[in-house]
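Letters A, B, C and D name the chains as they come in the text, with residue numbers starting at 1 for each one.
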């Protein structure tokens, strides 16, 4: 789960990291007031769940409070389209107005849980302020790593080593290490899956400040962080993704026109791959889960049908725990009177298969049955050619 | 022959008294698995299907029922405790079905287990089945499996069922099928499972089913290149059509960098000599042809 | 550092342990008000840094608010003498008024840092509500232990095992384990050196409640717990121990008449042992520390002189880092005009020894020099015989 | 001959640039210790007494100055980090002088070090000295020591000086004197030090100086009974006159139960065959007589 920049910075600050002075604004007037309080040049930053804001005009310098108000007026209520969003962009409901700092150096600081190391890894780079994934691709040697021992946690000496290996003066190493330790403490205390400070800046007057901040919280750990779970901003999601998310369904909207409903993440991806390999294009990733109950399946199917791009549907469900008749019931439940007609290819396997198929047959809907994934893809192609 | 489980497996079910535990215990018993005990705190003294005794503690199940393997069906917040209880009681094979364990909990659990002589399969996995041994320690549909000499190792659940279904239909039986789990941090990775298959005289070849995210497939490729696995390997990597930066269901299935791409994994495995399965629809066919 | 029962219970409660309903009172009126709010039989408990309160009359049952007020009147402002205090007792400045619970079983729960196991150890016993040290002595098999792995921490299964091994019904094991996990979390979060719940009770209605609570915080960790450090209640100390503590001097008041000033804890204990072995009796333990600066030595000597029981003084300092002239200066500084005369045996060894001895000689005080510990004890005995 | 330190010891001083670090580095150099480097973050490039180079990191001190042992003089809040930095950089002997490290920090540090091939002496200890090797890695007064064949192992600082002083005056020289530290949790305990003395051909007997609190003396007694240490042992346990329940200076010196009593420790050591030193005033005399 993503946190907004302002939420991330509030947490960092609690754990002793320096962040720029500033305040949140939901209206242009509030933005002006914050800028007045800051009494100096400031930055107006759109609060959205997406990176690449600067190039997209989502981060704007303001020399005077009036200018901050103007920027806020332009941003608030708009949709920001960045390299990380779709063409529809993400809505800007709040801006963060912060003091503009005189920056001497920009660093990158990140923490992840590394599957390879089976541990937390703290990363740092002197190539801060840029697209760190590009750096990782083109100059991997610029990204330094320290694996954390889970018994003793991230140690200050590891932070000093990162600082010195980044080429910073040893005089700064101690305070930089302290900032890294603080970020690590947030990471652990809040069950983060990702923490990124890009850039972490060294100001002309020698302070180390988190100019930007991005914390992602492990979705699986939200059960012990009710306060954080409540921060999720559903407005930042595609409306269908938001509905799916709230119903506990793994759904990702894609560009194609084949709506697909699967169970199991691997099966869902594989089905999408097979669709794409056949020259068709999946409209979504959708995993109703292993123990798909009829209501959840109905919600999932409803979401598929609501996507206007979806022209045909593939149901590919391999019953493990899930029973085929439950799946059928759920899908049919979504076809309430008035629901648009849509051709479906259905491939079911597992317990109560005949009962499931019978329910489909009885429904009167346009359903093609397939016995295998190969058959299903073939049937889809035929449908597509016919349409 | 098989890896991990066989006719000598004496299975304990942790969380047997829950809904999922009961359902799958019945399935496992029906398949022929020697389920010797259940463990649910506060439910000691009960019997499942009038024959499987339930204990309050794993320690008791080990002492009284001689359990040597465990399958875990407890909810995510309690699952790390269940894994540690099993390890502490001397269980040597722990299969954790539970989905949704916080990653930082698994960092600690894996660190703890590293010093112990324990194999953990999962979490967030379908388990292990050896059709020739009639031993199912998992939640997979039993009837798609058939005894044979091809091993399966997979990060996915239902996609494994699909693969096994295709194999069986193509006349290719399985020695053991292992779902290693869809989380970024799991106990045994592909490398450990391939090492076991390498040593298993009952396995002639392995089907590896990977997906986007992490470096588990690259680690497998490195292991093969280093000579750790020498039998034929057929590999499928799911997620070629997945967009970057989005979690595709599994906590581990997210493209966060070049290495996480399906194409990178396929390249690594091909480079290590694996036969790449071209489409999820042609798993059975590819393996059958490859096995000549 | 000890915490009062009410402070300990506030922390436990924050971490999810059940404690009796109640409130703190500094006056009899407040005690009555709390009792009225509780609306039922209650217990009035003296808040002091000492165990053994029940037998000493420091814990009193009250059937009605008026009775609670009477008990508070008797306790507040008094000094409570228990088996764990000296004959002078400890002052009662506050009472905790709590609901009286209907108790079914009394258990013991404790957490320590075990030097042998080099880890945290959680202990439980079904012999709760009694003197646990006597149980440990006479029935050690009744005290169950679980060593905690520092990577994963105390686990619920360990708590269930303790519960079941104590003979509790497995149906209670889960909730008891949860209480143990909560106590362990307090222990770690607050850097405790000891946590004891004695008794932890199971009430007639099946709740698990911490009837008493004792948390000690690791003195060495107070630098990261400023809030806890501020809770130290100096009124509970012997006045001289309080003064020494505030000056950072390790001082323990004893019963004898030989005041002694040493550097190093082992040396201090050994010197006391030698005094006692010679038939004399040490008036105190006092370690001025390795790098004893003159001011600290002066404070230490002042404390010795202020103890009216002290009839003679032994100074036994082996200079490592400390210089003998600094020690001499510090000691002499304590003999301000008006200070009572007292015979001293001085044994110094280390750097600047001659300068130190010269300072003593020049002071005009009654000082006997000794070259060895043996000589020093001999000189003390002669002094004692002469006095 | 000696244990732990000798003429090949190449000492790094962590926290050399502090007050205590400077004072004792001067003393150690004067004694003959081969101090090859200091380490203080942010002070790299300085030189102590125009000859000992100071580095920012321990890793650098190991790489450039070949340090193989370290002594730590950094304040308690940073001392665990200093220990871990030294261990991480490959230092094999770490002597931590620092007093006042939180006990829970030491639980973690000791757990971490258990998997490493490192000996930690201390914390809260006076260090190690081998007079015959002119190697002092500690804060003890140098001049009281004299080369010889008796080892000293002690939980105390100044009481060790007293013991050594008496030994030297009695004409009994020392092979190595080790202060293991006064905290409840320290790196090497009596057992580890006795094992080293057992293997040291330069040590004929050992003086063990214990005190109230903990079970370190009992562990030593058990080790002797198990045959781990066979040379003559002279033992003194301080704190016979200490009251129960009060911390006597050292964090570890507190009587919390029967085992913590001086009398229990003396009984255990006597039972293991140790010669008990009757009074702190008669250490030298007792050992001299005992050594015949």
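Keep in mind that, in the parts below, a residue touches a chain if its C-beta (ideal position, glycine included) is under 8 Å from a C-beta of that chain, and two chains touch if they have at least 3 such contacts.
Since the structure is predicted, the reported quantities are computational estimates derived from the model, not experimental observations.
Farthest chain from subunit B (centres taken as the mean of C-alpha atoms): C.
Between the CA-based centres of subunit A and subunit B the separation comes to 28 Å, rounded to the whole angstrom.
Centres computed as Cα averages put subunit B at a distance of 54 Å from subunit C. Residue positions of subunit D touching 2 or more other chains, listed in rising order: 108, 111. Residue numbers of subunit A whose C-beta contacts span two or more other chains: 150-151. If you sketch which chains touch which, the pattern fits none of the simple shapes: not an open path, not a single ring, not a star, and not all-to-all. Pairs of chains meeting the touch criterion are A-B, A-C, A-D, B-C, C-D. In the complex of the two chains, the subunit D residues touching subunit C come out as 20, 23-24, 76-77, 99-105, 107-108, 110-111, 126, 139-141, 154-162, 165-166, 169, 182, 184-185, 209, 211-216, 219, 236, 238-243, 245-253, 257-258, 262, 278-282.
Interface residues of subunit C, counted against subunit D in their complex, comprise 84, 113, 115-116, 118-120, 133, 136-137, 150-151, 188, 191, 193, 218-221, 223-224, 250, 252, 254, 262-277, 282, 285, 287, 290-291, 318-321, 349-351, 372-374, 377.
Interface residues of subunit D, counted against subunit A in their complex, comprise 41-44, 56-59, 78, 80-82, 84-85, 88, 108-109, 111-112. Across the complex, subunit C meets subunit B through its residues 149, 151-153, 155-157, 160-161, 164, 170-171, 173-174, 177. Put simply, subunit A touches subunit C in their complex at residues 150-151.
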